[in-house]
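Structure first, commentary second.
A, B, C and D are the chain letters, set down in written order, and residue numbers restart from 1 in every chain.
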Amino acid sequence: MVAPLSWYLFLGAALFGIGFFGVLARRNAVAVLMGVELMLNAVNINILAFWRFVRPDDPTGQIFSIFVLAVAAAEAAVGLALIISIYRTRRTVNIDEIDLLKH
Amino acid sequence: MLDQYGLIGVLAIIAFLFPFVGVGIAWMLRPKRPDPIKKSTYECGIETIGDAWVQFRAQYYLIALIFVIFDIEVIFLFPFAVAFEQVGLFAVFEAILFVVILAGGLIYAWKKNALEWQ
Amino acid sequence: MNIDLRVIGEAFHQFLINIGLTSGQASLIDWIFGALILLVIFIVLAILLIWFERKLAGRVQDRLGPNRVGPFGLIQPIADTLKLFTKEDITPAGADRITFNLAPTLAVFSIVMAFAVIPFADKVIGTDINVGVVYLMAFASVSSMSLLMAGWASNNKYALLGGFRVVAQLMSYEIPMAFAMLLPVLLAGTMRMNGLVEAQGQFFGLGWNIWIMPAAFIIYLTTALAEGERAPFDLLEAESEIVAGYNIEYSGLKFAWFYLAFFMNTWVLSAVATTLFLGGWQGPFVSQVPALGVVYFLGKTIIMFVIFAWIRATFPRLRIDQMMSFCWKVLVPMVLVLFLLTAIILKLGLPTIAVWLLILLSNVAVFVIALWLLGKGLEKSKWASKRLFTPEIPRL
Amino acid sequence: MALQILFLIVAILTLGSAIGTVIARNLFHAALFLIGTFAGVAFFYVLLQAEFLAVSQVVVYIGAIATLIIFAIMLTRSVMGREAGALNQWAGIVAVASALIIAALIWLFTIVKFDVNPQPVPDDAIAQIGKGFVSTYVIPFEVVSILLLVALIGAIMLARERHQ
């Protein structure tokens, strides 16, 4: 118990906010995905902080954060494949220009 | 448990500083006479055309992709292996199902020639 | 003669407390000393092994190897180090300076970090964490990231291509390697490095994993060659194809760091092979004289190292398509089947000897079937047809 | 006390690295900052005594996901000179919104009191994770394998170069 629970939660909140900024403010689709990864990391910090401080005897917290890890990997794999596929046909990864459905 | 990681933390700092210290000593000893020819990119003596951002093939991405999926699988199997003595026969079949489903992915990649390096 | 080597560390800790430090400060000083000792071991091993491998490669290729500086050329590595320190260090014009300088540092860093969990003898280990095996995988990832950084930061097409190639190779071979490391963990029920060694202590050496699961050991050996970027898997430095790979633009000491990391990586891989498959520090009389463990461990590791060096000195290089196909189409299916068979056999509830015999049998069967299928596949595959020619042998 | 100072230093480094990720112009630098953030987060996992998660974080995020991202950056690099700036026109508004979200979350975490349970982590925590996979959480465990399979198939279909 190095630091109180709230410190970890503040850290998670700050990381989540930064990731949120990255997702909404970046032009490049790959950078948007990096923002998503930051948010998932923030989520994992919170899960593990609650696991350590509230229910350390129960492995549920750790198991869920491993599931988050798996989901993050699947998300990155498919998301980046989508970006590559769009890049092939449209020659761009700028999300402002990827607006086929609008027209 | 945290005491065990104390040494790793200290070692991390020392292991990170060690190469820098070496480079620092070398910086004091070595000659420093750069010129544009020395600093140019080494490409078999030919003038470099453009920068190094050549277009890469999707094959690299496919390999990385299959690697990511199997890496996750390994991460799931390591705790299972540690808990192996404490679980029943049925649990083993659950783990086998897990592996077999992902082996299906490998077979798919094989059939789609994603494993070929053309 | 019953010396527990840990006693020295505890006596030192007690001494620090006696001279008036708090327990926390004493631990900190302990850690600093421990880390420095590990670093010194790293440097000494590097110097000795570089000399040793050069001498060995010389003998294999029917030449003398280093023999001028000092007796048997023993001082040669030190002379080389001095030379490297005084060499001019060029950062190419278009390079990304910070990344360019960080990459060799990270490469050395990741290898030194691996030393923290290598069990030199019973209780002579940097720190015996619960996740030793995955910890090693983690720093292997850091090392491959450093190569990618080096390739990108050099602003050179060959370097970038070399970096990408080597990372693709390291990633591919990490999967069978991780599974080969999983099998001893499955048998021992722990990921602690010392726990893995202790689990192999039964029946005077018959409990070593190399006897129980030879196929897993061979797969580990093959992947270790690839992870160590050694011949026949040294595609990253294929001069004929991509000049020199990711480190083409590096010179002076920074190049030396890459070389050092590459070199010591082989030693770490041999040490891990010893720990996981060759019984680590186990050997005769080791329970009476724990200090013998260091001798056994280093001896076995040197044997593994000689095997790696020998293969490097004799084998030609593979093509990248052959290498990738071999990993994903031969090694990965093999380890998956081995994992399934071993898990089932371990849960049958048989006596230990029967379990071991069955695992051995399954290993041999998987290995033979894999070789047979590989032979069948090669007969009709395009690998063979691509290079179908008979070289003309000149008559003397 | 010393560890708390260490906590703060690493927290500042991690958050700074995260900010670097979202504002760096060069995508490769953004990816390197992202790796730095992952490493910092792994440090906090160690502090939280989730050692398996800490090493898995390095193996999966730095070893696999970051590499995947760098490969994707190389595959989709934009043509020279078309990089119009990293952030879009709403960046200012989004920055304010993010700051509000962070402030709201911090406010929430200060007013809500959680009952902290100061138990030690059991020694066999890793074995418990393994047991959890095949007992309580067996359905999610199998679903994850199907998720990974589907992700693999989908991503291969999307990313494969089609040969005529």
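FYI, contacts are C-beta pairs under 8 Å (C-beta built on N, C-alpha and C of every residue); 3 or more make two chains touch, one makes a residue touch a chain.
Please read all numbers here as calculations on a predicted model, not as lab measurements.
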Report summary line: Using C-alpha atoms only, the most centrally placed chain is B
Query raised in the report: Is the number of contacting C-beta pairs greater for A-B or for B-D?
Result: B-D
Report summary line: chain A and chain B have mean C-alpha positions lying a whole-number Å distance apart equal to 20
**Report entry** Distance from chain D to chain B - Cα centre to Cα centre, in angstrom
**Finding:** 17
Report summary line: CA centroids of chain C and chain D: separation to the nearest Å works out as 29
Query raised in the report: If you average the CA atoms of chain A and of chain C, how far apart do the two points sit, in angstrom?
Result: 33
**Report entry** Multi-chain contact sites of chain D, meaning residues that touch two or more partners
**Finding:** 47, 49, 51-52, 56, 59-60, 63-65, 67-68, 71-72, 74-75, 121, 125-129, 131, 133, 144, 148, 151-152, 155-156, 159
Query raised in the report: On chain C, where are the residues touching two or more other chains?
Result: 129-130, 134, 160, 164, 171, 174, 189, 191
Query raised in the report: Using the touch rule from the top of the page, what residues of chain B touch 2 or more other chains?
Result: 1-2, 5, 51, 53, 56, 58, 60-61, 64-69, 71-72, 75-76, 78, 81-82, 84, 95, 109
Requested in this report: Provide the full list of chain pairs in touch.
Outcome: A-B, A-D, B-C, B-D, C-D
Query raised in the report: Taking the complex as given, what residues does chain A use to touch chain B?
Result: 2, 66, 69-70, 73-74, 76-77, 80-81, 84
Query raised in the report: Which bits of chain C are touching chain D when the two form their complex?
Result: 24, 96, 99, 129-131, 134-135, 137-142, 144-145, 148-149, 152, 160, 164, 167, 171, 174, 189, 191
Query raised in the report: Once bound in the complex, which stretches of chain D touch chain C?
Result: 2, 28-29, 32, 35, 51-52, 54-56, 58-59, 62-64, 66-67, 70-71, 74, 125-127
Report summary line: Counting only contacts in the complex, chain B reaches chain D at residues 1-2, 5, 51, 53, 55-62, 64-69, 71-73, 75-76, 78-84, 86-87, 90-91, 94-95, 97-98, 101-102, 104-105, 108-109, 112, 114
Report task. Using the touch definition up top, name the residues of chain B that touch chain C in the complex. Result -> 1, 3-16, 18-20, 22-23, 25-27, 29-34, 36, 38-44, 51-54, 56, 60, 63-64, 66-67, 70-71, 74-75, 77-78, 81-82, 84-85, 88-89, 92, 95-96, 99-100, 103, 106, 109-110, 115-118
